[in-house]
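Structures for review follow.
After this come two complexes, each holding chain A, first together with chain B and then together with chain C.
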Partner chain A sequence: MIKDKHMPALQGMFPSWITSCSSDGEPNTTVISQIWYVDENHVALSFQFFNKTKKNISENPYAYATISDPSTLKQYNLELKFDHEETEGELFDEMDMKLQAIASMTGMTGIFKLRAADVYKVISISE
Partner chain B sequence: MIPNLTINALEQGLGHFGVSSKNNKTVHVDTLGVKIDNIQSTLTCFVINSECKNVLQYLSESGRVSFFVGMISHEAYNFKGQFVSSEKLNNEDLNISENYRNNVIDVITSVGLSKDAALDKFGKVPDLGITFKVDKVYIQTPGPDAGKEITNSETK
Partner chain C sequence: MSVCMDKISQSKNELENIKILLDRKSKEIEIIKQISNQINKSLDLNLIASSMLSLMNEFFGFKHSMILLVSENKKHLNVLETYGYEKRGIGAKVEFGVGVIGIVAEKKKLMRMANLGMQRSYMQAIREQVQITNKNKLQDKVELPGLKNAESQVAIPMLIDNELVGVFSVESEKMNIFDKSDEILIGILANQTASALENARLYQLEQKRLKELNKAHQELESLNINLEKKVEERTSELKTLSEKLSKYFSPQVYESIFSGKLDVKVQTKRKPLTVFFSDLQGFTELTERLEPEVLTELLTQYLTKMSNVAIKWGGTIDKFIGDAILVFFGDPNSRGDEEDAIACVSMAMDMLEELNKLRISWRKKGLAKPLNARMGIHTGVCTVGNFGSEDRLDYTIIGNGVNLASRLEARAGINKILLSEDTYLLIRNKIICEKKEAINVKGISYPVQTYEVVKFSQENDNLIERNIPGLSLSIDKSEIEDNKIAIKVVSEVLKDLKSKS
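This part shows the complex of A and B:
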């Protein structure tokens, strides 16, 4: 599903967007700093705050996300379904280290804090 | 109901227009400028019609909108509301979009993105305006106020 051509868009060089929806039909669109490659069928999102996206996904596991290749701004749209969360391990540690680096570079140290790596199954990718 | 503190972000930020279907599936599309009507409390988001097949379908089903705008500085807001109409753009709309897109191209190339990529993305001229009535506005800037609703007393 995820191919080499998608990888530059999964490096966190350009923000990604995600739209989730509550169980009563209210959409929520927001920006996330990075969508992480896990394997060819899964990506991960950083869970930093108990925000609307997290609440919506707990009610309705489906989401729609867009990633951008930073060199071309070419976009890929991903249909996602929440699979599980990880609070320790290699994926969590890698995401935590990168998040702290981003926080440091953007003046957000102490605000960006990884609580979990939320892993999603990729249902489809389109351009 | 369009808070003054959000105007700068609406006029200059990157916008993403999200909707949900009757089955609570979601989709979004990038916007290329927005027209603000503070009297009617509406926003008209400029988009490219050919990119909006599912957006328009979902709007016809539920009509609920979440419109996110964010600045390079991380200042960001989320406008929730109800779909009103979609219409072709007039000259005033196109002028607003052109000014917006020129500014965005300047901003994103100033932070290192390629001019060609910026022109490819933001050089496109929108051909559709999607209008929705704003009923709630939330702060989305990362930090302690993220997710806080901007109430009527704070809109001035």
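This part shows the complex of A and C:
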């Protein structure tokens, strides 16, 4: 489902948008730094702080994301469904490493911590 | 037909793709070859690093890169070489776990960071939020070597057998540095460089150790020389000391002690010994007439000569008591009872001869009254060894045998050697003796038969020697060149003596 042409948009160079919805139907849209490529049918979001997105997803697993290719500024819309969370393994380590690198540069080692990699199934991609 | 054309064009495409891939692989191999060649040429750490960095720019267009090495304590990295920075920044420190490079070092995994500027701003925003609620807990921001406005960074661990040697880092103000497909190639090159650097490091370490070893070796050598000198000094001190000590011991006893054969502690044993005792007749009288200095010289001369004779025959000089000498044979070295007894009697005869010579020399010096000796020898079982206390030991003999030798000496004629029967029985085959009276000795229940030494069995008949107070006669017939003159001399002496009487 995710093709090579989508890859530049998943490098985290441009911020992405993610929209979730609470159980009583109230939507919430927020900016996140990166949506991570897992495999052609999955992407991941980093879970660092408990926020509204996290709360909404726990009530309603569907979400909607917009990613941008930094070189063409082309936007893609992804329909997602929360699948599972990972607290160890290759994906978690890779995300954790980057987070730690940035956090340590700004003197926030230990405060800014990856709690989990939330893996979503990609239902559809549209331009 | 069109299906066929399609297939041909598809195959052509595939072929084209394979060719592109092949070209790419060939180029990769060429790059590996070139970089490997360059970095393996040298054993200089900085030269290897700088070649690698400039080659990476040449092949991949890495405008800003650096190599950091793990410190000895393995807790941080130090910048070894940089490329494309305003300041070279050599030696700058990066803690493990800090920044992209620090994290890569800690996790030993490649990391590519894009969008660094935004991520830093994001993190900064959070930091400010956290600081409002939680002032004390935050660490200071860390200054890291590299571009301040870097947008992307790739850091590659340099590994040998999964052991971290250093980190190779590339930065760019642009968004993306290199293709994901180049990752493997760059990884290989980083590890190649790691090997070259490690070799160089080991070489330098080896050189340093060699230098240290040489230094240590030199130190050791000079220490050895000093030590040898000290040992020599001590040895010569000991030698001097032991030479001084040797004067107080019999040479045999001295040798036994210093060669470790005889322990210096209280221990005695019973052994058959031949004991010799001699005394100078009229010496006590002489002491009253002579100046102490002259007396000392006289006595020293006498005892030195006698000692030399005793040593020559292998006797153990037990002690000097004034002018008296006690010598024994059979300890610490024995050649058998008979040999010891013969040696002892031979020594006594030799001593008499020496005394005769001394007497002549003394007379020349103006000593009117000649000195005469008496000697006694007995063979019997005595107790020999170290006697005394723990602090002061005397190597000596005790027992009736010693007393008897002393008694025999007292009963001996002037310049005569008196033997007990026990000694006589051991020497009679070699030495001619004259039987004398039996004497009673205190402590011995039976009378002791005595013998006086006359001469060796095969003694030279050419020699006539007589010594009586006032007369010392020594004629060696073999030495006389003109017998008539000799007879004339003796006749004149006789005539003179007769006229005086």
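We adopt the following convention: the second predicted complex is superposed on the first by the 115 of 127 C-alpha atoms of A that agree within 3 Å, B and C clash if a C-alpha of one lies under 4 Å from a C-alpha of the other, contacts with A are read in each partner's own complex, and residues count from 1 in each chain.
The criterion applied here is as follows: contacts are C-beta pairs under 8 Å (C-beta built on N, C-alpha and C of every residue); 3 or more make two chains touch, one makes a residue touch a chain.
Bear in mind that the values here come from a model prediction, so they are computed numbers and not experimental data.
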item: Contacts of A:L73 with chain B and chain C, given as first, second, both or neither; value: first
item: Partner chain(s) touched by A:Q11 [first = chain B, second = chain C, both, neither]; value: second
item: Which of chain B and chain C A:L91 touches, first, second, both or neither; value: neither
item: Which superposed partner A:M1 touches (first chain B, second chain C, both, neither); value: neither
item: Touching partner for A:I123 - first (chain B), second (chain C), both, neither; value: neither
item: Contact breadth on chain A, by residue count: chain C or chain B; value: B
item: Contacts of A:A101 with chain B and chain C, given as first, second, both or neither; value: second
item: Partner chain(s) touched by A:A63 [first = chain B, second = chain C, both, neither]; value: first
item: Contacts of A:I111 with chain B and chain C, given as first, second, both or neither; value: both
item: Chain B and chain C footprints on chain A, overlapping residues; value: 14-15, 70, 106, 108, 111-112
item: Partner chain B, residues of chain A touching it in the complex; value: 14-15, 17, 19-23, 25-31, 49, 51-52, 60, 62-64, 66, 70-73, 75, 77, 106, 108, 111-112
item: Touch list for chain C against partner chain A, complex; value: 97-100, 102-104, 107, 109, 111, 113-116, 118-120, 122-124, 126-127, 130, 137-142, 144, 175-176
item: Chain A residues touching chain C - in the complex, by the definition given at the top; value: 11-15, 33-34, 70, 93-94, 97-98, 100-109, 111-112
item: Sites on chain B touched by chain A in the complex; value: 16-20, 22, 24-28, 30, 62, 64-68, 70, 74, 76, 78, 80, 113-114, 117-118, 120-121, 140, 142-143, 146-147
